[in-house]
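Letters are used for the chains, namely A, B and C, taken in the order the chains are written, and counting of residues starts over at 1 for each.
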Amino acid sequence: MFGEYSLGDLGAIFAMQGFAGLILFSVYVLMALGLAIIFGQMGVINMAHGEFMILGAYMTYLCSGFFQAHLPALFPAYFFVAMALAFVAAGALGMLVEWGLIRHLYKRPLDTLLATWGLSLILQQAYRSIFGAREVGVELPSWMMGSVQATDAIEIPINGLFVMAVTVLITLVVAGLLFASRYGKQVRAVMQNRVMAGAVGIDTGRVDCLTFGLGCGIAGIAGSAFTMIGSTGPTSGQLYIVDTFLIVVFGGAASLMGTIASAFSISQTQSTLEFFLSGSTAKVITLLAVVGILMLRPQGLFTLKVRR
Amino acid sequence: MKPKALNDNPFMKPVEWASLALLCVLIFGLLPLALDGFRLNLVGKYLTYAFVALGLVICWGTCGILSLGQGVFFGLGGYCMAMYLKLEASSVENTKIQSTPGIPDFMDWNQITALPWFWKPFHSLPLTLIAVVLVPTLFAFIVGAAMFKRRVGGTYFAIITQAIAAILTILIVGQQGYTGGINGITDLRTLHGWDIRTDTAKTILYFVNGGLLVACVLVAQFVKRSKLGRILVAMRDKEDRVRFSGYGVASFKIFAFCLAAAFAAIGGAMFTLQVGFMSPSFVGIVPSIEMVIYAAVGGRLSLFGAIYGTLLVNWAKTTFSESFPELWLFGLGALFIAVVLAFPDGLAGIWRQHVEPRLTRRAKAAPAALPQGAPAE
Amino acid sequence: MNAAILPGATAGDKDFLLAVEALTVSFDGFKAVSDVSFYVDPDEIRVIIGPNGAGKTTVLDLICGRTRATSGSIKYKGTELTKLSESAIVQAGVGRKFQTPSIYDDLTVFENLEISFPRGRSVLGALMFKRDAAVRDRIDEIAEMIFLKDQLDKRAEFLSHGQKQWLEIGMLLIQDPELLMLDEPVAGMSVAERKKTAELLHQIIKGRSVLVIEHDMKFVEDIAHRVTVLHQGKVLSEGSMERVKNDPKVIEVYLGH
């Protein structure tokens, strides 16, 4: 399939598709980051993760509408507000769900899967009742449109760069939070031994609640980014859940770096293949490759050989 | 008390025989008498899902392997059957207006001029019947062997089976020319010359379906009460202990997974026959996980519970989504949560905890002379 | 630190039931077991002692195939075990008891024992397995030995901690292994249970080789033919309890702090 392209062309194609895939990559990274915290650290299978993302997307949609109607002067800056709101809304809902549902199920991971699937159905129907079944899109402020001309052949979309920057920032904050803060230490303590952590005075209930909320909040931000590559409907989130789980598992569930590397390789493979093949074939090949590799290397591709 | 007798391992306990009899009366007597042809066909459709639920009782309830890809096996079984029926419906005579007569219409629409090789065996009914069970079981074997030999289980297995369901759906939808795409394989007419669309045919198929379901219950019961069944429970509990008692744990898991796949495949084939089409919407993530809820509602450990659970959920789905489509998803969602939080053993659990003790108490109270012989619960 | 290998130990391993030679396992650079060699005679009772983290449990894990050796060899009756699957090792005659009682909570005591009965271990065999008189008698016999005769129909989860330990020992006995490996069989038991267990162990070690990890020195002294002391993954000392007790190296490690 590469036959009719010269080497230079191919390079440009890979770069173009690579930059075009920036937003997809960012959405994947943010989704997977949230899930890596919830699944990798807490062991909870959150099938409603996509719906938390979509909540963020709807928040962005509402924000865009609100600024357009009432604060047109501030419209260029609305996206920052939208992202913050998406985080807060998804995070708050996450904490509520943790309190009402998840905390009863920590010993039964497969049951969290069923319960959160039920939750996802409820959320989908709630979105449908509130926002309607039709998919909605958001308007971007003008400064985010257009692209930077890197070379003759390569254009980098500005919104892609913006989302990328946000993603990097959030990743750094999360890494700092988990690996360099007191809170992070508490999270790891609770995940490794809940009873012991409780015994040494950590409020495990609070840690669980905050951690789940954090994971969901990040999914909310992913939803904000998602509005740039797709229109938002009640079931849009469901399409992403399998991909996201595969990314987390593929990267080695407990490793944040692995998650990012895995999100990168999967989104780039898919976006590059899409240039040559139909979208569905590209997706099948990507997923098949991931499943195939996982069968050969169940511990994930990027796990360091540290513990067993 | 006679401890010897408690150790005895009858094929079924009296309660289970009674349950089986009740199920037979319901499927072969009450329902056909009470329902019109349309409704009976609907129940027949529900019962094809019960095959999947039965498999999940063995695989998930008994052995602890949650597969979120049972739709794959249901679909593969159904597609195998549909391919045969489609070929029969696409005789040269029926399709002479096509540019290539004798191939299924959707192939013709997609500019395919010859029957692909993997369609060819489905000209033969015996080969088709073998393929219906063999293809999905073989697929389950490959997936199971790859995963269980490498000790992948639990949540990882669930996620990977779900990914497989997603992949297969995308593949079927994408390869329109070979699979019929999103519409699936439709317009099926005859089985070996016998018109399956008539009311009589549908009634007969309903009874065949019921018979197969009872047969599968008996097979599942045989497995469950054999030592193999107890090993499955033991593995769910302490896998390492089983391994260090000299068992190849992976083979037992593969067996459970393959059995579940074979049941699902039979269900899928019967679905195609009774409903008259097969489409990717029965293969993917959503139907696969819904099938899990059937087993969960019925009670993941109970064969009979799984069947009643399937009937109940589907009956509720039809009723609610007809009259309050908005409410149905809320209801289904709430059902998932309720079953996990409040009734982890489903209907069967409620029966065992609340109904059975009361019945036994009453039975004991009536003939006062009866010796004390309460069931070991 | 040279291990005190028994004189003549290297001369042909035909006579040993178990010959562990130069066994090493490293977990990403950390050598949990390093160059360990020891030999167990038929009918010998060998106790492995050593401080926490000395690699005792890892040695048992290596022998029964739960952990794979990085290098070295484990020969059981002349067969190399390091390449066999766990179930093949068990079928060769090696039984292993875990540190925490590892039994099937959801099954009855009878069923727990039945699963360990060495017949019908293939998928088909298990499917066709018949609970005949031989099985029943053997289970009754074992249940008698492990003091659980009256509890056969009880679900295992309702047993006391000590009873669970006995049940697991019973599950091993019914396998009738030639080499029995016990990881802290009396840990966490009450005084009375401990006494009964010692009694039980005395009874069952007849006619087979036993490899025991134990901390209870009185118990060790009571049963051990020979003792191997592990320290930081290496063999520190080996010999009779008397000899080991007086080995200055052992005293330093064990009693020095």
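The rule we apply is simple: contacts are C-beta pairs under 8 Å (C-beta built on N, C-alpha and C of every residue); 3 or more make two chains touch, one makes a residue touch a chain.
What you see is a predicted model; the values in this text were computed from it and never measured.
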Label of the chain whose CA centroid is most distant from the centroid of subunit A: C
Chain with minimal offset from the mean of all protein Cα atoms: B
Centre-of-Cα separation between subunit B and subunit A, whole angstrom: 34
Intercentroid distance (Cα basis), subunit C paired with subunit A, Å: 48
Distance from subunit C to subunit B - Cα centre to Cα centre, in angstrom: 44
Multi-chain contact sites of subunit B, meaning residues that touch two or more partners: none
Multi-chain contact sites of subunit C, meaning residues that touch two or more partners: none
Subunit C-facing residues of subunit B, complex: 3, 6-7, 9, 222-223, 226-228, 230-231, 233-234, 236-238, 240-249, 251-252, 255, 376
Footprint of subunit B on subunit A - complex, ascending: 39, 43, 45, 101, 104-105, 108-115, 117-122, 124-126, 128-129, 238, 242, 245-246, 249, 278, 280-281, 283-284, 287-288, 290-291, 294-296, 298
Sites on subunit C touched by subunit B in the complex: 64, 66, 85-87, 90-91, 95-96, 98, 102-107, 110-112, 114-116, 118, 120-123, 126-129, 131, 136, 152-153, 168, 171, 175
Subunit A-touching residues of subunit B, taken from the complex the two chains share: 64, 66, 68, 146-147, 150-152, 154-156, 158-160, 162-164, 166-167, 170-171, 173-174, 285-286, 289, 292-293, 296, 326, 329-330, 332-337, 339-341, 344
